[in-house]
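In the two complexes below, chain A is the common chain; its partner is chain B in one and chain C in the other.
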Partner chain A sequence: MKVTITEQDEIAVVEVTGDIDSKTAPEFERNAKLATEKSQKIAIDLTNVEFMSSAGLRVLLMVFRNIKSQNGKVILVGVSEDIQDVMSTTGFINFFTIVGTLDEALVILKQD
Partner chain B sequence: MMESKSFPGNVDSLDSLREYVGELSQQAGLAKKPTYSLKLAVDEIATNIILYGYQEAGLNADFAVLSEITDKELVLILEDVAAPFDPLAKDLPNAKDLTLSLEERGIGGLGIFLTINGVDEFSYEYADGKNRNKFVMKIAAT
Partner chain C sequence: MATDIRIDYYPTHEQQGIKFRRGHALPFGATMVPNGINFSIYSSEAIDCTLVLFERGEAQPFAEIRFPEEFRTGNVYSMIVFDLDYERLEYGYRMDGPFKPEEGHRFDKSIILSDPYAKAIGGRDTWLATPNWDNIYPYRSRLVFEDFDWENDHPLETPIEDLVIYEMHVRGFTQHPSSNVKNPGTFAAIRSKIAYLKELGINCVELMPIYEFDEWENSKENPVTGGLIVNFWGYSTVNFFSPKAGYAATGKFGMQVDELKTLVKELHKAGIEVMLDVVFNHTAEGDHRGHTISFRGIDNKTYYMLTPEGYYFNFSGTGNTLNCNNPVVRNMVLDCLRYWAADYHIDGFRFDLAAILGRDQNGAPLSNPPLLESLAYDPILAKCKLVAEAWDAGGLYQVGSFPAYGRWAEWNGKYRDAIRKFLKGDEGLVGEMAQCIQGWPDLYYYRGPTASINFIACHDGFTLYDLFAYNEKHNEANGEGNNDGGNDNHSWNCGVEGETEDPYINQLRHKQIKNALSILMVSQGVPMILSGDEMGVTKNGNNNTYCHDNELNWVDWNLLEKNADIYYFAQRITRFRRAHPVLRSRTHFQHRDYVGSGFPDVSFHGTQAWEPNFDASSRCLGVMLDGAHAKGGTIEDDSIYIAMNSHYDALYYELPQLPNGKSWHLAVNTDMPTGDDIYDIGKEPRLEDQGRFLVGGRATVILVGK
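Take a look at the complex of A and B:
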């Protein structure tokens, strides 16, 4: 798994490539935390993530709480059907905005 | 006849474990969605074995995947030599917990919830000094 953070107009974009499991989740968490420290507006691009276990859900929970406490906003991008099913089963899906492309996420985040 | 494959008890094994579960699912003719659910279930239980059964206890050991494919089902057993641990003995999140806002909910038990939810049958036994976590996936008739 690889994580990169880029900044575009005060929006931090966290792009993940690869599987998020209990081996790789700490690296995802470290970067996601860094992003929430840089910006209140975050896009997490999961287009290139095929697999995410509950270790990844824990990181999303952390991001949600950090962003909420700063009155910010987080948008998830390109979440696979399998991962959306898991988010739905666990009730996580109701708390996140999910869009198909990074451009859509940037448009929404810039509006706020 | 059960097939058996062993993996070193550390998180580096999770990748190849999921790949192996994918191969078995393909051999069994499992569809894409149940294949993902099984990979997730096995990953969650293996993670518990590795992090708590082995690492936290300072135990350096392998775990094994036993499997059997029939016309009707794929049976997979994770076998480890850690101290007895029944994942079903823990309190699982209930329907109300899962509707709680993310600010107020605890995160414990989510992995085991996903495991039970994702497979057709899940059971646990401790026998001959080994934990045996068993997963069964029914194969849809085509």
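Take a look at the complex of A and C:
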């Protein structure tokens, strides 16, 4: 798994490539935390993530709780259908806005 | 960081590259701690214990760590192991000690044992997926995340008398293709039926066992049908703290805990409580010929009731009996229920064969069973509903006498039998019918009507439809030559055994179902219906379908159309109950007028008003509930008059006269065709003849006085 963080117009973009499971979740969490220190507007791009375990979903929720407590916003980008299924069945999906492309996420985050 | 300043966050020992240290004795089970996992397990008689660690799904363990003697406190072995992948980890134990069955000891260190306190079990992750039969550790203990985001959810604490309980099997409810849901047979699928449950008007689902069990237990080819006989119902627990993974669409990802919690949260949002059917009377380990999964190899003598020769007492009818009033086992049961109440927000529990929970360690009934008392007074369970199935397979029948401590309610088997016999036309039932309607004060004088969980059909026995379609059980498909299942069904087939094209018989069957639902919903106490009875499900006369993963147990949703009149009626009769507080009293009737309305709170009538006929030959009863006495006179409700006629002929019932300005309106007449058999709240037509009403043969009429 690889994580990169970039900033675009005060929005932190976290881009993940590879699987997020209990082995890689701690690194994903470290990076996500870094992003929350940079901005309260966060886009997490999961277009290149095929599998996300329970540990990965929990990192997403931690980011959401952290950002919400600062009145910020998190948007998920490019979540695969399989992962969306699991998120829906386990209730995680209710917390998130999910869009197809990074551009869409940036438009929404800029409006806020 | 503050989390780094504790000494016990660092290892002291190392073996095979695994770092560990002395652990914490409490809590029992496996718990995430900073940098590691704390393992804690107890055994009163083991002389040695080894922790066995697997990578998920691997055939062989990657490490086995013997607990150093200094890690033992009393009978508890505890250890923190560092740097484990908690999501991929599966763990178990080997316990060494004597193998002397005649003394009650069955230790065998060649077997890897599941942790009684595990929070999830791996190995049966997908329903009926063929297991690896050579697995050296088939039911694997796992850890789960316990940080579910409940938001503002809270158990609903609905007063028990306001509940309408819906008994449901997780898989049976949506597995039929006609259910039209995404993940049939799962917790997630129930979520997609919440709108349906609301439409039906129930406000509590009682889930048949969802603790991890093995559907493959005792599986074999069905000699009659050629299909597979399995353990479908699940009354055979492998682990008391783990939800059944095979009931979760995400069980294959190990996320059954989140899926179930999400279901509970969504049901709560819809105002629906969740009750669990829990089986603490025995385990899946069977008798002396059964296999060792956990308890037997950890502390046989503690967990099971044993005969003096070291065999298993069999009060459960399933091979062994959990030793519930042993202090150690009692604490495990308490820990378990607290966990489900606190971590899963469960609203109540129904205890299977609960009379066993009141037996001492030799099987004798206790007058003051410590377990039942502990549960009744427990602070975490304080607002949970506790419901007993107040009998067991060893002949202890405690309906009406179950030790209640002001808390326990019970499945009222006498109610079920009385209503069945009355509806089929038996004589001598009018007195018992008066008891049924009142929440059976003769049984529950001190406990009040809320002690009575009223039902006419449940998972065990005929469905409501079959009750009126079969005289005899037809259990051939169970492969035991029709010898299993009860014979005291009190059923009547209305003229033909099984399915028929005869329109008169079919109409009578539907009418009898509506009679049953009507009487159930106007009885004081707590009504419970079996999932599918609202659309007339059939099990083809099989009254013991525990072993069928097929149409016998799957609710056929096509019946909503075929039996649309039953569903139309069911939806409205649940609402009728919930609209009228006079039907839901917390306390027994006093048979007098204590608010000055001119009417007693309850009165009984016959074909003549004010003259009930309790003779043995009578099949008629009229009951009037005075609306001014609703909820002890604290709420003003309409008055309600119920006329029950199980005579085959229509009879005129003289109506009690209402005070000036009020008149009788027709809410229910099961003798009428659909649309005219039940009216929506507030739309009940006023009766032209306020003096008498012609009640059809085998019909029920409900009037509201307003």
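Basically, the second predicted complex is superposed on the first by the 112 of 112 C-alpha atoms of A that agree within 3 Å, B and C clash if a C-alpha of one lies under 4 Å from a C-alpha of the other, contacts with A are read in each partner's own complex, and residues count from 1 in each chain.
As a working rule, contacts are C-beta pairs under 8 Å (C-beta built on N, C-alpha and C of every residue); 3 or more make two chains touch, one makes a residue touch a chain.
Model, not experiment: these values are computed from the prediction.
Undergrad: Mind working out whether A:D82 is in touch with chain B, chain C, both or neither, as first, second, both or neither?
TA: A:D82 contacts chain B only, not chain C.
Undergrad: Touch check for A:R30: first (chain B), second (chain C), both, or neither?
TA: In the superposition, A:R30 touches no partner, neither chain B nor chain C.
Undergrad: May I ask you to decide whether A:K2 touches chain B, chain C, both, or neither, giving the answer as first, second, both or neither?
TA: In the superposition, A:K2 touches no partner, neither chain B nor chain C.
Undergrad: Taking the superposition on A as described, I'd like to know which of chain B and chain C A:D19 touches: first, second, both or neither.
TA: First partner only.
Undergrad: In the superposed arrangement, does A:L61 touch chain B (first), chain C (second), both or neither?
TA: A:L61 contacts both chain B and chain C.
Undergrad: When the two structures are laid over each other on chain A, which of chain B and chain C touches more residues of chain A?
TA: Touching more residues of chain A than the other partner does is B.
Undergrad: Is A:K110 contacted by the first partner chain B, the second partner chain C, both or neither?
TA: neither
Undergrad: Examine A:T90 and indicate which partner it touches, taking first as chain B and second as chain C; both and neither are also allowed.
TA: both
Undergrad: Once the complexes are superposed, what residues of chain A are shared between the chain B interface and the chain C interface?
TA: After superposing on chain A, chain A residues 21-23, 53-55, 58, 61, 65, 86, 89-92, 95 contact both chain B and chain C.
Undergrad: If you look only at chain A, which of its residues touch chain B in the complex?
TA: Per the stated touch rule, the residues are 19, 21-23, 51, 53-55, 57-58, 61, 64-65, 68, 82, 85-86, 89-92, 95.
Undergrad: Where on chain C does chain A make contact in their complex?
TA: Against chain A, the touching part of chain C is residues 85-88, 145, 147, 149, 183, 186, 188, 248-250, 253-255, 258-259, 261-262, 265-266.
Undergrad: In the complex, go through chain A and note every residue touching chain C.
TA: 21-23, 53-55, 58, 61, 65, 86, 88-92, 95
Undergrad: Taking the touch rule as given, give the residues of chain B at its contact with chain A in the complex, in rising order.
TA: Chain B reaches chain A through residues 11-12, 14-15, 18, 32-33, 36, 39-40, 43-44, 47, 50-51, 98-103, 105, 107, 110-111, 113-114, 117.
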